[in-house]
Structures are given as structure tokens and as C-alpha cells.
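Each of the two complexes below includes subunit A, the first together with subunit B, the second together with subunit C.
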Partner chain A sequence: MVGFVTVCGLVLGIIIGILRPVHIPAVYSKYVGLALLAGMDSILGGIKGYLKDSFDATVFLSGFLINSLVAALLGYLGDQLGIDLYLAAVVVFGSRMYQNIAIIRRVLLKKEA
Partner chain B sequence: MITRGRNGGLFLTALFIIAAGFGYLLAVQFEPTVNKAYVVSAQNVELVEIMKGLEKENDSAAQRIVDLRGQLGELESKGAATSDEVRVLTQQLGELRAKAGLAEATGPGVIVTLSDSSRTPTLSDDPNYFVIHDGYLRSVVNLMRRYGATAIAINDQRVLGNTPIVCAGPIILVNSSRMSPPYVITALGNPEMLADSISQDVFFRVLEVYRDRFEITCSLETKTSVTVPASLNNAAFKYAAGAK
Partner chain C sequence: MKRTRQSRWQSTILIFFVISFFVGLLLPGQAHVVREMKQTYQNQDPQDLIRVIKDLQQHKQDLLVEETDMSQKVMQYLRSSDDTAAQVNQLQHEATALKQRTGAVPLAGPGIRITIREQSSGSSPSILADEDLLLLLNDLWASGAEVISLNGIRLTDSSSVYRAGLNVRVGEKVTSMPLVIDAIGDTENMSKGLQIPGGVLDLLNLRRIGAIVQKVNLLRISN
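Take a look at the complex of A and B:
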């Protein structure tokens, strides 16, 4: 049920995005990218939690929303301060995505065996 | 298994909305990136080829102008040997050519060198401050004229009254010739007067501030002898006749 709802929402969002795209100015494109990165990290974290039977819906949803917002806001704040703070988000979420993928892979391999 | 609220209606609705938002952003973010990457670069390749071809044509045409002028000079000196009258006229022609900028000129003067910054702008910087714009060249040329320069050149191009200095993306076109930094602007004239007046001008001071803050190159030097090339552009007054 959860997976079905998620995929439906995702597909609907993509279709709307293709049919009715809003033009994001190049300046803000980076922040949207950051938010997406944080979102992808949350999704992988969610899948990991699901496979390890420790999935918590509230944690997942709040993490998803707040991480995305904070990543974008911190990126923006960093640019205002003249520090490449967005790199912090890229590194943290990027490395966490790798970790999560590694864990998911291991769990799946164990299940196969 | 912790399943707090996992199948609650509220949770599912929230999940649906968030997934849709995520998908929407994903699609919106992808769309322009993909379009820009493909469409523009494909167009660029074609334009670059056209540009290269035209530049080759330009170069050979410029060479032809130099050759023809050489032949003309030979014929004139041959003619000058025939009579005194022709010799005087040839001399006048030479003087007029020099005044019109159709001959190389040498003399005392100044050299202003402008070049883009060696520092890469950070994300919080405005990259516009780090490059030399066509307007800077126009302004410097204008300053030189104002303070008595008699002949001006940018890199290898003579700047005359009808010389366009225009921006074309990352490069600047002077006399339709592509220029890239450093831009060496040479002016013949009284070196001290030119140097003093230019260095005290507000615009040049602004350039110096940019040099200190954004590390662009901006220098002014006096020379006892500088050379500016001849203009390859024969002014043909196709659409102008003297009013009587």
C-alpha cells in the first residue's frame, strides 16, 4: 500500500512537471537540486529502514521534508555568506546515500542467500 | 516491526502529496538541464563551423588587401619617377593615407593593458566584475581620444572613427576581428599628458578598484616608441555624398 501510494504520487508529480513545467531561474536551480538530493537520501534511508524492519513513518516524512528544506536553505545561506556551504550538504547526503545503498545491497544479498 | 501510523489515511495522504511534490521538482529540474545541454550545444557546433569558415575567408581577404596595397605602392613609386607633379601628388596621397589611418604609425605614446581576472569567482561573487567587457574598451579608447591620442589600436586592430567594438559572448569583436584577453590598447600621443589624464580619470580609477578587488589586469605604461598597425578597412562612402 505504502509503495503503491508513493509510486502513484511520484508518477503524478513527474507527469504534472512535464506537462506544466515552471521555469526555475538558474540561480535557484542549485537549491532545488540540493532539496532533491536530500529527498533522495531520505528515500534511500526509508528503504533501508523498511528492509531492516525499523521503518518509522513519522521519522521518514519529517526527515524528508525538513532535510530537503534545510539543505536548500543552508545552501542559500552559504551563498549569502560567501561560503560554499552547499558542499556540506552534497558531501553529507552523498556519502550517506552510498552507505544506505551498501546496506540495502547487503540486506538484499542476505535475503537471497 | 515499528509501523506507527503506517497505514493511517493521514500518513498515506501526506506521503502521496510529498511524493508528488518530489516528482514534480524532479521533472522540472531535469527538463531545462536536458534541453540546454542538447539543443544549445548542437546549435553551437554548427555556428562554430560557420564562424571558422568566415574567419578563414576574412584572413585571406585581409592578406589580399595587404598584397594589393603593396602593388599599389610599387606602381605609385614608379609613377612618381616620371614627373615632379606625380611625385608631389604621391607624397600628398601618402600623407592623407596616414591621416586616414591606412598606414602604420609609429611614435611616442601609452599602452593600456586589460585582462580578465585570474581568480575564479566564488558563488557569492558577481562574475561580471571578473571579466573585461566591450564597454571598458570603448571607454578607454574614448579617454585616449579625449586626451589627444592621434592613433589608437586594440591588439592588432587599428581603431578608427567607424570601428565597432562589440561584445559577442565570451569574446569581443573589434573591426569584426575576434579578440580575447589580454587586450592591449595602444595610443600615440603625448605620453605624459595621456598617462596623467587617463590615470586620473574616474573610469580608470574604477578599473583600478576592480584590479585590487577582483584581480583583473589593468596597467598603464608610457612608451617612447609604439607602433599601431594600418587599418585594413578602406572607408568606402557608399551611402554618403558630399552635400553641396
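Take a look at the complex of A and C:
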């Protein structure tokens, strides 16, 4: 159910975003991209937690907000220092998304069985 | 107890929906910005930019030469006899020629069509290089082509043509292989000019790039 609601929310958001695009200044697009990556990681983490009966709304919400903010800030800090710090966020969130997807898949397969 | 569990479940669903909706809402905007940024000069390949600068510098040089020529002609007209009709005819002729060169008017007439195909598959693919393309176009101009189009994109005096990855960039437009080059002008001259032994067609054949030249009775090239 949660997965279905998430997909519905995502699709609805994308449709509205296409019809009435949200203006993102080009200067901040890199940071918004990182924040979105962190957001997607949080969503997958939330679904994983829900499926494993360890979901906590406060942890989920705070994780979503803080991770997104930290990812964007890391990107900004990296730009200021001349270091590709955003790569750290990309690697961490990217690999975690893979892990979460793998866990969700396993849990769903177990439930099917 | 049951009620509390239900309300918690509802809030969980709501949180998931709101957050995924928010992420989904931002995704198209972000994709749009990234797409736009790719088209700006800041994010282009430096080698492409160097070519653009070189083309622009060359164009500037050509324009300066043209300006000098025109100034000399104006001086000649001022000094020459006051045969107004002849001068008007001459100016109209030049205006027509300039319109053709700048691509301001569509043209139709006999010409040749060259179709170029690369062999991108296999162990040793043959890729059309910038130099090949420029040589071919220059040979066409030199053989009497009045107007040339590249996959329907008309070339003018200010057009820059170069490879951009697997695509071909013509000015600000991008087209892809296979290339169909239409050239209006003296069909015989252009055909002979291209088929000179050791010329551009031989060079392309040598590099296993297929080039088919066809004479066409009526070609239309729009502006």
C-alpha cells in the first residue's frame, strides 16, 4: 500500500511538475539535484522501514529534511573549497538507494512466497 | 487502540504521499534546468567552443574584407558616370547575390544530392571527420554551388559546420548521420569537381565512407 501511494504521489508530482514546471535557478540546480537524490533515498529508506515494521514517521521526516539539506550544503561547501564534495553525497545516497531497493525486493519476494 | 493504529497508518500514508509528491514535483523542473544548462556555452566541450571562436574570427575577417570591397565599390560608383539605370541594375544584381548568400530567399533549381553514410559498426568503424566534411563543402562552393543545404539546413556565409560527437552541428542546429547534402548550381561542374581523381570522393571511398552523388533536376532549398 505504501509503495502504491508513493508511486502515485511521485507520478502525480511529475505530471503537475511537467504541466506547471517549478522554476529552479540554474545556479542552484546542482544542489537541488543532490537534495532530490537524498529525498529519493529517504523515501526508499522509509518504504524499507515500513516493510520491516520499523518505520518511524519522525525519523523518516527528519531524515528526509536533514539529508536533503546536508546533501545540498555538502555540494555548496565543495564548490566553495574547490573540492568535488558532492561526489561523497552521490556515492553514499546512490549506493544506499541500491541497498534499499535490494532489501525491499527481498522483503516483497518473501511476502509473496 | 484500534483507532490510534488506524490514524497512525493514515498519517504514514499521508507523509509518504506528500514527500513523494514533493520530490516528483521538483524532478521535471530540475530535468528542465539541466537540459537548458547543457545548451549553454559554459557547459560545452572546450574544443567545440574553440572551433566556434575560430569560425567567428574567420567570419569577422571575411566581413572586414567585404566591407573594404564594398567601400571601394561605393567610391567607384561615386566617381563613375551618372548612369543611374546601370548603377541600379548593378546594385540589384548585388543585392540578389547577397540575399542568396545570406539565405534570405528560398531557391529552387537543378543541382546535385550527395548522400553520405558512415560505417559505425564493425571492428574498424569509418567516421566522417570535420576535415572531410569541410573539404566536400568547399569543393562544392568552388565548383559553382550557389546554395547548399545539409540535411535541410541551409548554409550561409556565416554557417559553421563541424562534428559534435556523433552528430553534425550546423551553426546553432544539430543534425545526425546519414548526411544528405543538396547543392543548387551548375550540375555538371559540381559533379565533375567532386569526381576529380584524388578528390574528396576518392578520399571518402578510401576511408570506407559511402558517398552517393545524384543529379537532380529540381531541388528546393528554403531559407
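Basically, the second predicted complex is superposed on the first by the 91 of 113 C-alpha atoms of A that agree within 3 Å, B and C clash if a C-alpha of one lies under 4 Å from a C-alpha of the other, contacts with A are read in each partner's own complex, and residues count from 1 in each chain.
Assume contacts are C-beta pairs under 8 Å (C-beta built on N, C-alpha and C of every residue); 3 or more make two chains touch, one makes a residue touch a chain.
Every value quoted in this text rests on a predicted model; they were computed, and no experiment measured them.
Look at A:Thr6: by the touch rule set out above, it reaches both subunit B and subunit C. By the touch criterion stated above, A:Phe55 is placed in contact with subunit B and with subunit C alike. In the overlay built on the shared chain, the residue A:Val70 is in contact with neither subunit B nor subunit C. When both complexes are overlaid on chain A, the residue A:Leu36 reaches subunit B and subunit C alike.
By the touch criterion stated above, A:Met97 is placed in contact with neither subunit B nor subunit C. In the three-chain superposition model, subunit A touches both subunit B and subunit C at residues 1-2, 5-14, 16-18, 21-24, 29, 32-33, 36, 39, 55, 57, 61, 64. Listed in rising order, the residues of subunit B touching subunit A in the complex are 1-7, 11-12, 14-29, 31-33, 122-125. Every residue of subunit A that touches subunit B in the complex is listed here, in rising order: 1-2, 5-18, 21-24, 29, 32-33, 35-36, 39, 53-58, 61, 64-65, 78-82, 84, 86. Listed in rising order, the residues of subunit C touching subunit A in the complex are 8, 11-13, 15-30, 32-34, 36-37. Contact residues on subunit A toward subunit C in their complex (touch as defined above): 1-2, 5-14, 16-18, 21-26, 29, 32-33, 36, 39-40, 42-43, 46-47, 50, 55, 57, 60-61, 64.
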